[in-house]
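Below you'll find a set of structures to go through.
After this come two complexes, each holding chain A, first together with chain B and then together with chain C.
Moving on to the complex of A and B:
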């Protein structure tokens, strides 16, 4: 999950047609070869580090996991599996037909894990967006000590996730700070709603500042003149927020939301360390890692499914985001100016 | 982030790249790729030679391994051993070994394996069977440590350290430790009168829960797998009695409800704070409870074997410990074999106990008066290990332990009744050993 930064430019170069027709033309008269030469190595590298693992994973997902030869007790390769690995996850078919995976097997946990992953995503990202927007609005105002506030707000984001998880693990211990401050005896890493809440709280604490930072960047490019014009027209603070700030900050906001949504859909280390999956808090990524230890091929199928889910969500976002950015934002900005 | 011109490409480019970043998920599955099967009989035959070797094990936190290797190297100048330390995380050690075996790496000559990994590595054909030229004399070893390294009636690794559960108790409150589970539970009113919790083990949803659940089931005469490891045997009254004992403990409050979140350390903390009367834990707690500045029970705690089921025998601990396995891909197996025997020698076993309080695998060391004086818990530990049962010896251990953990957790936290949890456990363990999912 680490090789994310390199993907951007290369895939864009491969997948997206150049948007400026003038530029496309220029590629054909001579400089095209040089351009190909320049981006060639990048494309080759990306093919190796991105394409190869994807193709391997997908092809492995149609292979059976090695099984035991009963006569020797040794593992033998499984051969072609068809869609059995996909049936395992999507239909909870452990070999005895749909829903034949007994509770306690990984196969029985796919839909629970999908559900809890989406729950984390929806609730945490919503909280983070609201808090991030509030933080950003506060940080955007001019006041004494603004620099210190901006720096300190970022501290939770700067802490590695594993450390955050351990930190909250101690906070949420039975005799930890959370229970002492609240005067409760909640088993935060036990069963029921509490472990889910614990993960959402920890995730929100960690990433709301990141949201704030992205939104702040969006706020800073809004021309002050727009507000002044609106003020002159008699718009109050609330109206200015709804009709100027929100629409203009929206592109930045949407990218922040998309980024966090993808991150949360792939969440692994925070729940792994905080609850270890107790109380049905195993996410899809945790399921993949657990399955890797039992059989690579079924794990490949699961990671392919996870990939498709994440990709689908991203795709929907982009359609949504792209349409709004191009068609709404530009005219509004023009009108306001 | 966006220019004032408000053109979409900037935003789209960024968001598009993020979408593709999602591809990272796939790499997870692919990394684990490569084939993982096949007995390797050719490799097992070759490489009968001497020469320098590498010994691979997890982080040597107590600093006892390098001194042992130094001793060996001084005596064998032409067969030097190099120590390669892995991380101190068991899961990562396991995955590192798997990757190197898959790569048929000849530099991993001797590897330290947790006893729950041995059968998996053996079934994948990665460990040199200790038969024929490599036959190991195990007559002086504690029987369960040998059993844990035996798969398909063949010994695949040489036990090097052991471990067993102990019952820590407050001798100021209970002068004689309980011999049976029922006796222990009947003492719980004493804890109540003193305003403290009665009993705790490790009941959070992790490997420790498998250990504690298996102990309860084995103590009451049940088992998880049949002798040949091919059938799940959890649908018995004995297994039910074991799980029921833990469930009732939680229901009665004899096991405090917060113990559902306890790993080793939380229980130790509670015991050292004087808030717990009985604690099931490993021997490492002994010296900490004696020496920790914050320990309030330094002079008031004792150790006993785990309580039994009332038939006079002590409880059945789950067996901890590591063994040294020889890689089939090693080019210097003769040296590797000699080195394995050296690690198991009385000299090194004694060093490891005195320098790092590692539990020896040699039976007689537990009766050594000088050692017992230094480590007063040795007799109890010997009883614990002698009565210990290895956790299920199966190549599908990861799936088996998951099946046990999930269902035991559901039973202990009250979201499933004992019967349902046990029948689900039976089905999922059976499913696990049939195919590994």
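Moving on to the complex of A and C:
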């Protein structure tokens, strides 16, 4: 495609003689100014809506809420709190040393919430990846009625998460269809493993098809010739899958896994509406919202911790697991044309 | 692809036996498996949604009937969903969601088109960092915005206003529009813009007269994705909104029944159906576009 190469070489490759270095430089500068003008509004908006809140949250997390000081009984106007807000969460220190938060308080729920958030992420994303890959392999085959398949795969994606949560809440009701079909009398929104399973099932239902679409896009850019060659050499279907499909689809797969992982780490709507946090299903995001009611500054510390966890996981994915987010766009964009 | 095929050939050679014959004999089985897979995937996507529709038509007394089709069919649940008797404002919430979704999409698209044009078309220093910032913004956990925005909006008296819900939504939608549009713009036939310039158009004219019409399908697709994302938002709306500006997601989650603690399942399923059906129709009509938009942007759902 000629347009792709035109974009890659940019402004001065077309029409302008690249002989005069001075002229070339000035054009480059002009382009930069135009770019700044065009991108400016986006950056400005993101700064207002994201940068400002981050800076506020981080600075707030090191100060204390205005209120009565329990040790003196005097009203205090906030002030520097050091890492007290972080000690509250990480060490469950409610003012009397490590693990002094009584059971049932929000402070004591931090590690449970972290654990369950990671549990959801690991189990749901694994299920979604495996199912998404299987779905994508089926969808990649040539057959009649692909349009119907694509549309039905988009249905779970199109339903708002809040509605999805209500739908599964109904399916998992005590008299609901899940118990009828399974012949069980499980309290899906009660205690133990059941509410966790309910959330994971609902999340997997909603997003495995989305995963399949991203993986399918990766499958479609694989050159058919590679498979033909392998077939000639006698590689069976399994061998072709393991030694051709998996390595070549890996970049698309990694990006899909990264996006899903970050989405699941910040999950809020689904568990909030489906179980309301029953049976230790409160995620970190839910804990932050619960804390907002009883103290902004501790909530800020917790949201900063959540942000750092998400950031760290993204960093690990991009740095060590080879999820190449910026370059991945190239083959995908080609497919979109 | 030369290197890729040679590696494949090499790895293939290690495992030659009577593989070719096996592959050919298996074909009918593979076709059958494909169709079984297709049916299962369709059921996966459609069954729970179908169950929502079936339930929405059941008389309340038969909420938990397990027949696969509606028994005691009624439209009462749809009337209940819109009724304001129990303090539910579903009709109003629908309008609110439309307003919030439309405003968010409009800002996201207009601002996003400029940025995406620059990212796809211009060479400039720091392009990589701009992409990184926008991508980083899309990965940002929404919950980190709750506390600061709640305080800010309390201070300036914005709680329970449309702008309090629209502005944070922009932070979710903008990275998505910039990313998706950049992917579309990279594919555009920019030679046409060059020739428009040759014919005497200013850069602005060339963009508006030549490129924008060509970009319309991509922009439209991106608008669908942006609107869907805004329509879905729950977390910030539930914290920063109030009755007056409550969107449908929050309204559905907080639906109350005739008596306290009574779950109005059938009414909620009716409300869910109303909220979802327009999106499903859109998906059916534009499925090819939506898939290309989703995979081009590759950003969150």
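One rule holds in what follows: the second predicted complex is superposed on the first by the 265 of 337 C-alpha atoms of A that agree within 3 Å, B and C clash if a C-alpha of one lies under 4 Å from a C-alpha of the other, contacts with A are read in each partner's own complex, and residues count from 1 in each chain.
Keep in mind that, in the parts below, a contact is a pair of C-beta atoms (placed from the backbone, for glycine too) under 8 Å apart; a residue touches a chain by one contact, two chains touch by 3 or more.
Everything numeric here is computed off the predicted structure, so don't read it as measured data.
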Once the shared chain is lined up, is A:95 touching chain B (first), chain C (second), both, or neither of them? first
Touched partner set for A:135, first chain B, second chain C, both or neither: second
Of the two partner chains, chain B (first) and chain C (second), which one does A:193 touch, if any: first, second, both, or neither? neither
When both complexes are superposed, which of chain B and chain C contacts more residues belonging to chain A? C
After the superposition on A, what does A:43 contact: first (chain B), second (chain C), both or neither? second
Would you sort A:269 into first (chain B), second (chain C), both or neither based on which partner it touches? second
When the two structures are overlaid on chain A, which partner does A:292 contact: first (chain B), second (chain C), both, or neither? both
Examine A:147 and indicate which partner it touches, taking first as chain B and second as chain C; both and neither are also allowed. second
Report for A:56: first if it touches chain B alone, second if chain C alone, otherwise both or neither. both
Going by the contact rule set out at the top, does A:80 touch chain B (first), chain C (second), both, or neither? neither
Please write out, lowest number first, the residues of chain A touched by both chain B and chain C across the two complexes. 1-4, 7, 11-12, 15, 50, 53-54, 56-57, 60, 173, 175, 214, 217, 223, 255, 259, 262, 265-266, 285, 288-289, 292, 296, 299-300, 303-304, 306-307, 310-311, 314, 325-326, 329, 333
Of all residues in chain C, which touch chain A in the complex? 1, 4-5, 8-9, 11-13, 15-20, 22-23, 26, 30-31, 34-35, 37-38, 41-42, 44-46, 48-49, 51-52, 55, 63-64, 66, 107, 111-112, 114-115, 117-125, 127-128, 130-135, 137, 139-152, 167-168, 170-171, 174-175, 178-179, 182-184, 186-191, 194, 203, 228, 231-232, 234-235, 239, 248-250, 252-253, 263, 265, 268-269, 272, 275-276, 279-280, 282-284, 287-288, 290-296, 298-301
Spell out the part of chain B that touches chain A in their complex, as residue ranges. 1-9, 11-39, 91, 94-95, 123-125, 151-152, 204-206, 230, 257-258, 260-261, 266, 395-396, 398-399, 402-407, 409-410, 413-415, 424-425, 427-429, 431-432, 434-437
In the complex formed with chain B, which residues of chain A make contact? 1-4, 7-9, 11-12, 15-16, 19, 50, 53-54, 56-58, 60-61, 65-68, 70, 72-78, 88, 94-95, 101-108, 173-175, 185, 187-191, 214, 217-218, 221, 223, 251-252, 254-255, 258-259, 262, 265-266, 275-279, 285, 288-296, 298-304, 306-307, 310-311, 314-315, 317-318, 321-322, 325-326, 329-330, 333
